[in-house]
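For reference, chains read A, B, C, D, E, F, G and H in written order, and residue numbers begin at 1 within each chain.
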C-alpha cells in the first residue's frame, strides 16, 4: 500500500462509485462530486456520505443540473445551491486565507466565474468576483486594476478573442490562471480559440486550464492564495 | 468576350505566364508580380513588361527572395528594393490620397508591416508605420491612439495571442484590417492562433486577411483610404 | 481613466450587463445588442436603454430568436423586426452616406445577407441587396456587374465552394468584404470550406470576417462607404 | 488463385519489388512505376522489365526526380523524359481514342498538368493542354470555352481558391475531374483549401482526386475518353 | 451576356429562387432541386415549374424529407417518390444509354446508393444496384466481379474503413467513382476516414466525391456511361 | 517502495539516464534502448550496460541512425546490426516460442516490418516475414493465406489506403495487430489516413499501434505468441 | 470462390442484410449483430437466424438500444440482456479458456467495460471485471496488481487523461489492449485525448482500438486468452 | 498615460526593439529577452541594457542558440550560460523565497526542465530539479514523493503520454503546473498529445502552459513560491 502515512487506504463503496476518503490526507482537500453523468440520487448520496466523513469542512458538487439541484434542496437541508454556477455545497467552508480575484470579460462568462468562486471558497480562500471588464472597453478594466492587482491570485475568464488575461498580465505580477470559455459565434471551435489565445499570451507566466473549467482554476487559485504570506 | 468595355481583352504572353493587361481597366490597378516560385529572370521580365505597359504608375513585385532582389538591382535601374519587406517597385507611385496607419505589435512583425506599407503606397495611399505597440505594455499603444484614430484606414498586424486589433477596435471606429502573423512559439499552429483571435474579436467590424498577407491588407486599406472624403 | 476626451467613462448597469455608453464617443457608433444567449426581457431592456441614451440614432439587436422578436414587437412600439435576418431596430437610421452592394450566391445565404443589410443601414450607409448570382450560372452575375461595381463597398456572401468573391474581385476594384456561410452538404466543416476559399482568393484585396458574420461585414462596409468621397 | 481468367497470376520479382504483370489482363493497363522513394537504378530496372513484358505499349514512371531522370536518359535509349512533369515513358503510346482537355488555372499548376497530360497519352487518349485560364480574369477562360466543352473529358487543375472547376462545371456538361494543387500562400494547408473547394462545388458531377495527383486524374480521364462514342 | 448560343439567358423567378432554365443548353441537363433547407411547398413548386419547362425529360429533387415527400405525393400526380433514397422524380427518364454498376459495401450505405441509382436514371443511364459486398467477406464481392467489370462506369460506395473501391480498382479497369459514407462508429469523423481511404487508394484512377454525395457520383457516372461506345 | 516482490528496486545511473533494471522482474522483459535523440556513445553505453545485466538474453536498441550503427559495429563485437530496420541487438535471443506472421503491403513498408521482426525475435517468438501482398493485387495475398492464418499472431503493416488488415481480418481469426505506416502521397497526413482506416476496420478484433511503430507491434505480438498453446 | 475449404460460401439473406454464415469457418467465430442503425425487429430476426445456424454457440448483438432490448426480452426467451453494456446474448457461451482482466478507471467507463466483458465470454474466455482503479488514487490500483498481472490478457479502459494503461504496462508484461472512452469534459475531443494518450504510451507493447470500442477489445483479448498455454 | 503610478512610462529604444523598462513597476519583474529570432548582437545589447537598468537584479535571456551563447560568453563577462537549457543570465538572482520542485519524466525533457529551473531562480525562488521519474517505473517516482510534496510549488514536465502530472496530482496538494514537451514518436502532433493529457487530468487543480514552455511555467511557479508563507 502507498498510503502516505502507512495506514490502510480507506474508500467508501456507494455501489455506483468508490469514494476516495484518503484524499484529504494525501492532498489536503476532500474529493469533489463531479455531477455530470450522475443521477440526482447519486449526487445526494455522495454529498451526504462525504459530509458525514468531513463534518467540519464544506464538501462540493459541480456540474449539477436543474433536476439534481432540486433534489439536493429537498434532501440536503442546509445545502447551498447556486443555480447560475450549477454547484451544491454542504457544510461550512474553511475560514478563508488569502483573496482570489475572479475576473470575467462578459456576462456570458458568468456561469464559469461562479463555479470558480464557489470552488475558491470551498477550498479555503476568499473569492472576489469582478464581472464584465472585457478589453473592447478598456476603461472598465483599468478602473478595477488596483483591486485586481492586490489579490493573492487572479483567475481571468474570457471567451471570444480572449484578450483579457494578456492585458491583465501586462498590468500586474500576481499569479494568474486563465480560463477559456466556449462563448463566441462563427468559427471559434467551442472555445478553442480562446484557449489558444491564452496559451500564446505574450504576458509571461499565464497558465491555463481546460475550456469552461472554472472548478479547476478555482482549486489551483485557492491553493496558491491560502498559502500566501500577504493574506 | 466579357471585357467590361466591350473591347478585346489584352494579355501579354511572356512564355512562362500571360500578364493580364486588362486588369487596370476592370479594377483600377495593374497586375502585381507574386515572386514566390518564380526565377529571378522571370521576375525581372514581368516587372519590365508591366512597367512598359503602365509607365506612369508604379508596378510591384512581392515575396522576392534575396537572389531575385539582387538581380532586380542589377537589371532594373531605378527599381526600389526593400530587403526587409521583400518587395521591388518600379516607377513612381501615384500621388497619395488618404492615410493608412500600419500598426504592428512586435518587431518580429516588421517584415509583414513593410510589405503592407509598400503596397499601400503603390496602390495610391500614404502609409504611416507604427511599430512595437503590443498590448502587454498598454501605455505604448495608448500613447499613439490619436495618431492611429486619425487615419483613413488601419492595418493592425500581430502574432502570438494577437490582442492588438481588438484593443484598437475598442478605441476607434476607423475601418480596420487585421493581419495575423506566423510569429509565436509552442503550439500556435504557424499563426492560426493569431488568425482565430482576430476572427473572433469582440470589437465589431474587424476584418482579416490570410496569415502574413501584408500585401492583401495593403491593397484593401489603400482602396478604402484613397476613396475617403477626409483625405 | 482612458476615456478619450478626458471625462469619466459612463456605463449603464442593467443588472445582467453593463452597457458601454461611452462607445459612441470613442468609435462613432453606439453599442449593439448581441441577442444570442440573452432572454427576451434582457434584449427588450437593453434596446430600450440604448434608445433612451441615443434617441436620434437607430440602435440594433442581432441574432434575436423567434420568442424574443415577438416580445420586441409587443414591448417596443416602433421597432422594426426582420424575421429572416433575425434583427430588431429601434429609432431612425442615420441619413445614408455611400452605397454598399450586399451580394449573395444562393437563396440559402439570404439570412446572412439581410443581417448585413440591416447593419449597413443602422451604421449609416445605404444597402443594395443583390441575390442569387452564384458562379455556376455566370450570366446571372455578369448581368449585375455594373450595378455592383458602382457601389462604394461590396459585401460578397457565399457558402459551398464560395467562388463568388474571387470572380467579383476580378471584375471590379471596389473594397470587397467576403462573408463565408455555413451552407453546404457533405464535408464542408460548417462553412470552413467557404472561409478557406475566401482567404486564399487569387483576387487581391479580398478581406473576410467569421462564418455567417453578416453583422461584422456590415459594420466594416458601412464605415468604408460612409467616408467615401463618391457617395 | 483469383486471376480473373483462371490462369496462374504472374508477377516479376525484381528483388526490391514484385511487378504485377497480370494487371493488364485484369484492368486493361500495365502497372506504372511510382518513382518516389525508389533509387535511380530501381526505376530503370522496373521500366526496362515492364517494357520487355509489354513491348507494344508505352510504360510509365511518375515522380521521377532529377538524378533518376538523368539515369533514365543514359540507360534507356528511346525513353521520353519530361522534366517539368517529372515523368519517363518507354515505348509507343497506343493510338489515341478520344480527347481530354487538361485545363489549369495558373502557371504554377503546370507540373501537375504535364504529369496528367503524359498519363492521358500513355493510357490511350489525346491530351489537349489549356494553361493559365484562372477565374480572376474570366475573359481568358471564356475565350477557350468551346474548345474545352468539345472534349470527351476535362481535367481541371487549380490551387489557391480553386474556383476554376466550378465555373467550368457551370459552362459545360462533359465528365469533369478536378485536381487540387498545393499552390498558395498563407494558410492554405498544402492544397487542402483547393481540395475542399472542389469537393463542395455547387456545379453537379464534379469529381476529385488527391492533391497534386495529376497521374490519377489522367488515368481516370483517359479511361472515360477512350470508351467515348464521339471520339 | 455569356449564354453560349448568343441568346438571352432565361431564368424563372419563383420568389424564393431563380431557376436556371438555360442550364440544359449549357450542360445538357436541367437544374436539379436540392431539397435540404427548402419547405415542402417550395420543393413542389420548383419541381412543377421545371417539369413544365422540360416536359419530355424527368426532373429530380434530392434530400427530400418525409413531410416534403408526402406533399409531393399529394400535389404531384405521377411523381415517383423513393423513401429510402429521399428523392422525387417527375416525368419520364431518358432512354438509358450505358450501364452504371452502383456497388455498396453494407446495408447502411443503401440510402446513398439509392440516391445515386435514381440520379443515374434521371441523367440518362441504366443503374445496376449491387448491395452488401464488403471486403470482410471477399467471396461476396468476387462472386459479382464479372457483372461489375462489364459496366460502363462503377460507383463504389462504402463507409467505415472503405476498402471496397481499392479492391474493385485492382480487379477491373472501368471508370470508377468512389463515394465515402458517414457510416461507422468510434472515431471516424463523420465519414472522413472513408473519404481519406478512397483518396489514398493504391489502385490508380479512383476518383471521389464528397461524403454521402450519391447524387454527385450519379451525375458523373451517368455522363460517362451515356457517352460510352460499348453501351 | 512498490517493487512487486518487496525488494528494493534497482536502477543503473549512466549519467544521461537511469536504466530500469527491475523491469524484467515486473514485466518479464528487459528495458529497450530507444535510439532517437541519443548520441552514438550513449547508445553503445546503454546496450553494453543492459547486456552486462542480462547476459543470457538479447537486448535491443531501436531507431538507431547510421552514425550510431557504425559506432555499435566498432564498439560492440557480436552485435547484430540491421540497417534497413535501424536496430542493433546484443546477446542471444531466447529460444522462440510461437510464430508471428509479419505481413506488409508494399516494399516501402519494409523498414517498419524489419523493426517489427527483430523485436519479435528479441521478445522470444519466431518472426515470419511476408512482403508485398497489397490488396490491389489480391491474388498475391490469397496465395499466402494459409501460411498467415497458421501463425500464432499476425502483424499487418500498410500505408496509403491500408486495406490489408481488414481483408486479412476477414480471412482468419488469429490475433491481429495493424501498424499504419507514413507511406503515401498527396494528402495522407503522414500516415494518419492509414491509421484511421485500421481503427475503423469492419473486421472485428483488429488492434493498432502508433504510426510506423513496428517495435510496439512486435512486443505485443511476441507476448501473444510466446504464451500460445499451439506453438 | 475463395471460401477457404473449397465449398460454396453460404450467406443468409434476411432482406435487410446478408448474414455471413461462412465466417465461423474462416475465422473461428460467428458474425455478430451490430445493433446501431437497425430496428428492433431486425435485431431480433438476425439473432434468431444466427442462433438457428449456430445452436451450440452463443451469438451476440451489441449497441442494442432500450426499445430493442425490450423487444429481445419479449421475443427471444432465454436471451441474456445487459442494460448497462447494451448487449443481448442468445445461446450458451463456450466453456472459457483463459482469463481476461477487464480493468476500468472510473465508473463512467462501466458501459464500455461491460460490453467488453460480455464479448470476452461469447468469444470463449473468462472475463474478470476490475472497476474504478484510476491513477489519481494509486493505492486502489496497486491493491489489485497481482490479480490483474495473473490474467492471460488485459483490457484497460479509461477516459479523461487515460494514464491507466501506461501505469499498468509498467507493472506487468501481460498482453494489454487499451480502450479509450469518450468520458471527459472541456476540450477532450470526444475521447480523442484518451486515445492519443494510449497511442503514445511509454510502456512498450500497448495496443489500442477505437474510442468506446469495448467489443473490438473483447474479441482481440478473448482470442489471445483462449489460445494461452497458462489458462 | 496609463503608467500605474501616474508617472511617464519609460521605454528604451534599441533600434530593433523598445524595452519596457516600466514593467518591473507594474509586475514586479523586469522584461526578459526572448532570444529566438534575434541576432547574437541584439541579444547581447538587450541583456546589457536591461542589466544597466536593473543592476541589483539578474536579467535573463531564453531560447539563445549556440552562436549567440558564444557571443554572450565573449561580450558579457560574468554572464552565466546554460547550454542545455539555452539560457543566459546576467547579474545576481534575488535571494530565494520558497522552493519549486521541477520534476521531469525522462531525460529528453531535461532542456525544458533546465530552462524552467533557471527562470525560477531569476524570478526569486529556489529550484529543486528531480529528473527521470516517469510513471512506467512507478517506484522511481514514489521514492521522491515526500521531497516533491514538501515544495511550495511543483512544475511537472513530461512528453509522450504525459501521465506524470496526474499521478503527482493524486499524491499531493501543492500548486502544480504541468508542462507538455514535444518529446514522442509516431503520431503525437509535436507535443499536443502530452498537452491534451495534462488538460484533461482527472487530478483537480492541474494548470498548464504551452508546449515546451519551461520559461512560462518557471515564472508562474516562482511567483507562487515566493509569496508562500511556508518558505
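Worth a mention:
As a convention for this text, a residue touches a chain if its C-beta (ideal position, glycine included) is under 8 Å from a C-beta of that chain, and two chains touch if they have at least 3 such contacts.
What you see is a predicted model; the values in this text were computed from it and never measured.
Chains that touch both chain B and chain G: A, H.
Interface chain E/chain F: over half of the residue numbers present appear on both copies, so the contact uses mostly the same residues.
Distance from the centre of chain D peaks at A, each centre being the average of the chain's Cα atoms. Each chain gets a centre from the mean of its Cα atoms; for chain B and chain F, those two points are 53 Å apart.
A separation of 37 Å divides the Cα centre of chain B from that of chain D.
The mean-CA centres of chain D and chain G are about 45 angstrom from one another, to the nearest whole unit.
Contact of a single residue of chain H with at least two other chains is seen at positions 2, 23, 136-138, 142, 169-171, 186-188, 192, 199-200, 209-210. Of all possible chain pairings, those that touch are A-B, A-C, A-G, A-H, B-C, B-D, B-H, C-D, C-E, D-E, D-F, E-F, E-G, F-G, F-H, G-H.
Only residues 1-3, 9, 11, 16-18, 20, 22-23, 34, 36-37, 63, 190-192, 195, 209-213 of chain D touch chain F when the two sit together in their complex.
If you check the complex, the residues on chain C that touch chain E are 107-108, 132, 136-140, 142-143, 183, 185-188.
Touching chain A in their complex are the following residues of chain H: 2, 4, 23, 26-29, 32, 142, 145, 149, 152, 169-177, 199-200, 204-210, 215-217, 219-220, 223-224, 227-231. Listing the residues of chain G that touch chain H in their complex gives 105-106, 134-138, 160-163, 166-167, 169-171, 184, 186-189, 192-194, 196-203.
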